[in-house]
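Comments concern the structure below.
Every chain is named by a letter (A, B, C, D, E and F) in the order it is written, and numbering of its residues begins at 1.
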Amino acid sequence: MTKAAITTSTRLIAILTLSAWMMLSFIPTIAHAQMMTFSRQDLMDYTPQNPFDRLPDGRPKVPDSLMERARGLSAEEIWAGLEDKKFRNQYADGFHVLYPGKTMVGRAFTVQFMPERADVDDVAEAKAKAHGLPPLTNQMAIDMLQPGDVLVVDLFGKKVDGTIVGDNLFYYVMKATHGGGLVVDGSIRDLDGISEIDMPAYFRSVDPTPIGNVMLTGINIPIRIGGVTVMPGDLVVGDREGVYFIPPQAVKDVLDRADETHVHDEWTKKKFDEGKYKSSEIYGSPTDPKLKQEYQEYLKKRLQEIRSKRDSH
Amino acid sequence: MTKAAITTSTRLIAILTLSAWMMLSFIPTIAHAQMMTFSRQDLMDYTPQNPFDRLPDGRPKVPDSLMERARGLSAEEIWAGLEDKKFRNQYADGFHVLYPGKTMVGRAFTVQFMPERADVDDVAEAKAKAHGLPPLTNQMAIDMLQPGDVLVVDLFGKKVDGTIVGDNLFYYVMKATHGGGLVVDGSIRDLDGISEIDMPAYFRSVDPTPIGNVMLTGINIPIRIGGVTVMPGDLVVGDREGVYFIPPQAVKDVLDRADETHVHDEWTKKKFDEGKYKSSEIYGSPTDPKLKQEYQEYLKKRLQEIRSKRDSH
Amino acid sequence: MTKAAITTSTRLIAILTLSAWMMLSFIPTIAHAQMMTFSRQDLMDYTPQNPFDRLPDGRPKVPDSLMERARGLSAEEIWAGLEDKKFRNQYADGFHVLYPGKTMVGRAFTVQFMPERADVDDVAEAKAKAHGLPPLTNQMAIDMLQPGDVLVVDLFGKKVDGTIVGDNLFYYVMKATHGGGLVVDGSIRDLDGISEIDMPAYFRSVDPTPIGNVMLTGINIPIRIGGVTVMPGDLVVGDREGVYFIPPQAVKDVLDRADETHVHDEWTKKKFDEGKYKSSEIYGSPTDPKLKQEYQEYLKKRLQEIRSKRDSH
Amino acid sequence: MTKAAITTSTRLIAILTLSAWMMLSFIPTIAHAQMMTFSRQDLMDYTPQNPFDRLPDGRPKVPDSLMERARGLSAEEIWAGLEDKKFRNQYADGFHVLYPGKTMVGRAFTVQFMPERADVDDVAEAKAKAHGLPPLTNQMAIDMLQPGDVLVVDLFGKKVDGTIVGDNLFYYVMKATHGGGLVVDGSIRDLDGISEIDMPAYFRSVDPTPIGNVMLTGINIPIRIGGVTVMPGDLVVGDREGVYFIPPQAVKDVLDRADETHVHDEWTKKKFDEGKYKSSEIYGSPTDPKLKQEYQEYLKKRLQEIRSKRDSH
Amino acid sequence: MTKAAITTSTRLIAILTLSAWMMLSFIPTIAHAQMMTFSRQDLMDYTPQNPFDRLPDGRPKVPDSLMERARGLSAEEIWAGLEDKKFRNQYADGFHVLYPGKTMVGRAFTVQFMPERADVDDVAEAKAKAHGLPPLTNQMAIDMLQPGDVLVVDLFGKKVDGTIVGDNLFYYVMKATHGGGLVVDGSIRDLDGISEIDMPAYFRSVDPTPIGNVMLTGINIPIRIGGVTVMPGDLVVGDREGVYFIPPQAVKDVLDRADETHVHDEWTKKKFDEGKYKSSEIYGSPTDPKLKQEYQEYLKKRLQEIRSKRDSH
Amino acid sequence: MTKAAITTSTRLIAILTLSAWMMLSFIPTIAHAQMMTFSRQDLMDYTPQNPFDRLPDGRPKVPDSLMERARGLSAEEIWAGLEDKKFRNQYADGFHVLYPGKTMVGRAFTVQFMPERADVDDVAEAKAKAHGLPPLTNQMAIDMLQPGDVLVVDLFGKKVDGTIVGDNLFYYVMKATHGGGLVVDGSIRDLDGISEIDMPAYFRSVDPTPIGNVMLTGINIPIRIGGVTVMPGDLVVGDREGVYFIPPQAVKDVLDRADETHVHDEWTKKKFDEGKYKSSEIYGSPTDPKLKQEYQEYLKKRLQEIRSKRDSH
């Protein structure tokens, strides 16, 4: 497909198609050019429990419908759901949160930088060139983003020279991911400009310097953000407290459990509104058998309503 | 009074009555069950200058009318009033403030936790059981809250496992205290949910873990928050900077002095608006005798207005 | 001109005139009374490249028209402009920002405090008295502020007793500078009151104590704020990230360059909106010759529009 | 016994006797005078598993012989021993360690301070006076120390005005405890002088100010040091990393287990010295059955040697 | 070669031979078992400028003779030498230094851990098992160490559960590397025991917990320590300030330059001893032509002495 | 005096004479070349209470005999002495202390740096050149040091590029000041080399970079170190805790008072050794009248001994 042909399509399809095209053309080679390699096969090997389709680059593709449901998740629900499955490290906080009232949901697209070291970087750049790839920069990674992605970047907490994007590239990321989001263990610049763009973002600091003195060492490889090992394709959920990285195989259970918690909280507050009970008579679960039964019936009814409403969409 | 009877009353009265009932039934025993004891008599011994009535649990009861006036206090006024009386340690800051623009006012209901230690906790729990008390948890304390209380909790700055409440119990505290407030030298969870509930809160951090690895060691005992010794019944006032704990015997003077400061600031800004004076000619007090007289007259007039307006309510 | 005469003028003119009068009467003597001296001649010697007029106290006077243009500057533009001229240290951050969405622009009026030391302070105060000057306090400096000034204060990061102003003096500063602004490497008090006053402010912390245990050691001398040497008369620009101190001789170039960057960002986002390009095809500069030409033409046209619109005002 | 009589005894006995006498005379009253009370009965109630005698003040008295054995303990051994018994919070670090190469061992004598608050302190001091007690100061507590004690003080991390002792009182503590030791979550002063006195000490900081702006609120009550709940009579063991607070009932098991670990480490290093094995063939435990047997025999033999040597003393 | 045969050799040779054997047997497979792979070929590709032999695992082998010379290097010399070659990021500090007076020199053997994540770790462990490898633990990596190695470990600053070794394994590392050394961006345990073992070590903190809640993700892959990208085979030099990671190709030049600096400092101090000169007349370089000549002659003579003395060894 | 002539004198006299010569030749001009000026007259004006001679540069010259006595001072004595005279800010801590067991004593020679700013620095350098002065560098200041000086440097806490000296210049400072000392609110480099040179030093950090990106702005002007205003000529005393800056007029009283404190501590410990007293019976002062008298006599006798011994030297 020529570029000319693309311009005649609608904007959205253009982005989707172009991105897929770029991605596909990169995939066979990118793993050879970056220092830390993690091939499509590696990615599939290390995510064997993925119950969903995969993106062309091998990442698990949590379905859009589940991503939509995840927008209603609360911290308590995710934490409890992850703990059930013995995932105790999948939460990172301590970020500046651009839009505290707006939940971020998307598929992790991971990028790793390491401190610049000319002898090593020269080899990587030569490899990239030999494979017909563009220079290994933040933009090279950004150009591979897909709709629904959240860009997750390990810049090892760097502030000065650790700015993954300014307002122009932030704008591009918003367009390319359809407002997915950004998590960077590093900084951003042009906060004034970025504050006018509608995409969630989590960053450690802000600085006016452009990115520098670092080298891109991996795209869609396992990376570390705070105390979390993030895998490409993880479902990323950010609230006003921090960011959760949910392994794809846990998504469905977390969401189902969350429905129940929603109803539980609804009922709990309703009972508190009645003003007749001590908190311990109602919460965590009712002590009185009659209340217990009342709750069970309420739960059953509300879950049915929620699910039938969901199915009707 | 049976529980059935309670349900026929209005919601508000129900809470008041029920809480008082619970409190009264606990008071004789609670001091024997918790590790750090401070009996009703202790509390009265250590607050001998209290000029007001007392709550059933022995805490001084700063009157509702003074609490209402305290909502208009500014930091400068409280600080100056406390310093006058040689109280130099009654201020704590460094909190996250849930609602920066909303003054928090209430009577301190104090709770202390210490790090879990099974041998000690077992004894305390056995004592509680022997006295017919519920387990010594955060909910046991929360169930004793009264309207007008601010829940003040020493969780020694704990973040992970140091979450005094999530959104459900925060909601209960709001109902039980009639929107009084929360100060915790520790953390909360479910900030998203809590952000939708209308009650001031001051906390050190946010975490998704539930409270754990701690033991409740005291209710309504003297506790430490930052550099402050907080006594049960202190008037708690929180602004967007931090939290003041005002001994009951100082409340009246602080408030009266604040009236004067209000008028002083009003006049000062009015004179600055005139654009004729250097700041030092007007503030802290006018240097010119004529201005001094003008100020004195203004002060007298305005104080009369304020007081007569207050009396007419 | 008598004070009586002043009261018949309009408020604005009064302030301007009175301030100028106060300033002029202080200038010959103030340098002799403060410990760290930097005379009008020193100031002129150390800012020889100033292309603009000077204020009566010797500070370069960046024209109001350029200050107006500077309100549209973004961090990226200033940083790039300063770096071009090898100014790499003229940025300070880590402040609390009172109004994150409001750009601060003004001329630096600098004040330096040092820790109190009675033997030294006594000498300084005696000198001040001997020269007919008021006591060396924060108010003495504040009374010298001019419209368009930003008050820039070195209080060496002091929190307790390091509060340069409360709400009354903050109000005065707002009036005297016509809403210029405040930068203090120290604290303020009465944040509740200050939050109702419409002037940008950058401060390290908030505390209820009044200023104390310090001595004023210099007015309009070179001072240090974070990692910046600030000269009296620097153009101060604050955004939601931090504060830039632009040497007067660099102002014009920074602004002209910014026009171009504005257009560049406008065009970049426009192209991103089209959805046909990878980010690297457009940003930093277009790779395709045709796009490059398109951009050059767009730039030329838009710059003309901007400038003609500016000239017509 | 008259004071004159005491002077004719040997110095050591004098101290012992005098201290006991002082202690005994205080015990019935001290609990009534301090704000946070924890009576002899409370102490006994909360340490029911204590297998040893008790000191006159009710604290468990870990025998001198076990204290002697504890001087050979290593961090690894204590940690493992405590974890076996589910004590996971009994370790505190982050101190300055006066003598890194010298193990501290003793029985916890606890003291709690809280921020000064005149209204409360006045009541406590009046109570002390009414009971014929000296003023509630650091020296009052220090005068109650017994041989074998470690003074453990909660001064809530205070540096300025938080100095529990200078060199004179540190010298006294050394004499009174027979070189037991000091742990303070606060500061000391006169480090130069203290560095010449032979007693282990763990402190947060050093400051030249004397103690002040605090009030003594409890002696031999449960206190918090870092993340540990310390009970009076705990066995305190300090190494160059930090301080362990071992509940008396766990001491014997920890020590017995340590003997085995000592031998294990001895054998492990001996095998490593042979240079024939990978670390994983030997450590944690040997994988080869023959090596396993060799180790078991070595362990048996060495334990017998250690124990018979111990018994012969 | 049988194990029995090994025991008849001398200890040193045994270790060398055994280690080499172990290493060789692992090399083909280890890269397939760890999550982050960096094969022998990758390592050779990314260190093309290595002027020396290579170890069996592909790492550049800086010769023992140069390592010996490196023991005399000072921080200033290394820094200047690296800067000459545009290596500005090869220094890390902020460690606890076990032996401040003892220079550490060795070849980097790198290990990377990431936060535990069961789904990923299970795959890695299954792969290890399938390749006949031992479990992926710290000991597996330690068993691969060679004489002259410094163990360099990325444990992302973890304190609790981040202890790479206790005294037993530290002892083994000392034996296996012939006292090479340890650098860990994480913690160690049993500092008391470790303090008796003669090997340099650099660590972030000390903790009594064993290593846990992490997974080994790479051996001899590029890792990050502070702001440094460390390559396997880098020459590691530690002084009392911090640690330098010198790319092999830069070692020779750094050392030659250091000889000159040694002589320069020798001469500089000699001249200062004469007491006739201002520092600026002598240092950085003499200003007076006669002194300059004197220095040049001294330099020439001393360099000849140093080199002939070196050659004679 | 020619340089040749100097070489025939003894080393010590040479330094003294040369330094004085250099100093004298600089004094009239240096104040004009540095940005922050503080002339010889300013210095005399601001230290009017100085009871001693002055150095040629105008600094008070605390006599050598008093400096000698000051080597025996302890923190407690200085603090108490300064507080008596209302000097509450003259202490700074938080330094790395090179020789913890060695007291530093000397006269403050102050140096101030500020962040580099080319436009300002160019003017200063041009002024220096016009006055025939060397470039404004750290070495220019170091070349002015006198025997008995302590070099006190404000480098605003800078670590990277904030190294006032490496081992060569540290060696020169040691020679020039006769082992006086160094206090820098900044860093040093070459700690290994410096650790072999016998001079006390207090610094914030260590870094391998040379000094840079700063400009020298003042020599022997009032500077700020931590929370202290340091005046040129202050008596600097450093112990293992921190550094005191004693105004010359307070030196004699502090020392006399210290004699008494020495005796007091001597007596206190002697009484504690007797084992007959509670600490509160002896310390702060004896409560028993007979003990009080005993102490007074002891004090009198010992003071006489100390003084006569001192006079006999």
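Following the convention adopted for this analysis, a residue touches a chain if its C-beta (ideal position, glycine included) is under 8 Å from a C-beta of that chain, and two chains touch if they have at least 3 such contacts.
Owing to the predicted nature of the structure, the values given are computational and were not obtained by experimental measurement.
Novice: Counting one step per pair of touching chains, how far is chain F from chain A at the shortest?
Specialist: Minimum number of steps from chain A to chain F: 2.
Novice: Stepping chain to touching chain, what's the minimum from chain A to chain E?
Specialist: The fewest touching-chain steps linking chain A to chain E number 1.
Novice: If you line up contacts by residue number, which pair in B-D, B-C or D-F shares over half of them with A-E? Let me know.
Specialist: Over half of the A-E contact pairs recur in B-D.
Novice: So how far apart, in whole Å, are chain D and chain E when each is placed at the average of its C-alpha atoms?
Specialist: Using C-alpha averages as centres, the distance is 40 Å.
Novice: Find the geometric centre of each of chain B and chain E from their Cα atoms only, then give the gap between the two centres in Å, rounded to an integer.
Specialist: Between these chains, centre-to-centre, one finds 57 Å.
Novice: Calculate how many whole Å lie between the centre of chain C and the centre of chain F, each centre taken as the average of the chain's C-alpha atoms.
Specialist: 37
Novice: Indicate the residues of chain C shared as contacts by at least two other chains.
Specialist: Residue numbers touching two or more other chains: none in chain C.
Novice: Just spell out which pairs of chains touch, all of them.
Specialist: Every pair of chains in contact is listed here: A-B, A-C, A-E, B-C, B-D, C-F, D-E, D-F, E-F.
Novice: Within their complex, state which residues of chain F touch chain E.
Specialist: Contacts found on chain F: 3, 6-7, 11-12, 14-15, 18, 22, 134, 137, 139-140, 142-143, 166-169, 171-172, 175-176, 189-193, 195, 206-209.
Novice: For the complex, which residues does chain F have touching chain D?
Specialist: My answer: residues 74-76, 78-79, 91, 93, 100-101, 103, 239-242, 265, 268-269, 272-276, 278-280, 283.
Novice: Which residues of chain F touch chain C once you look at their complex with the stated criterion?
Specialist: Of all residues in chain F, those touching chain C are 35-38, 42, 45-49, 86-90, 114-120, 123-124, 127, 156, 213, 215, 217, 221-222, 224, 227-229, 231, 247, 249.
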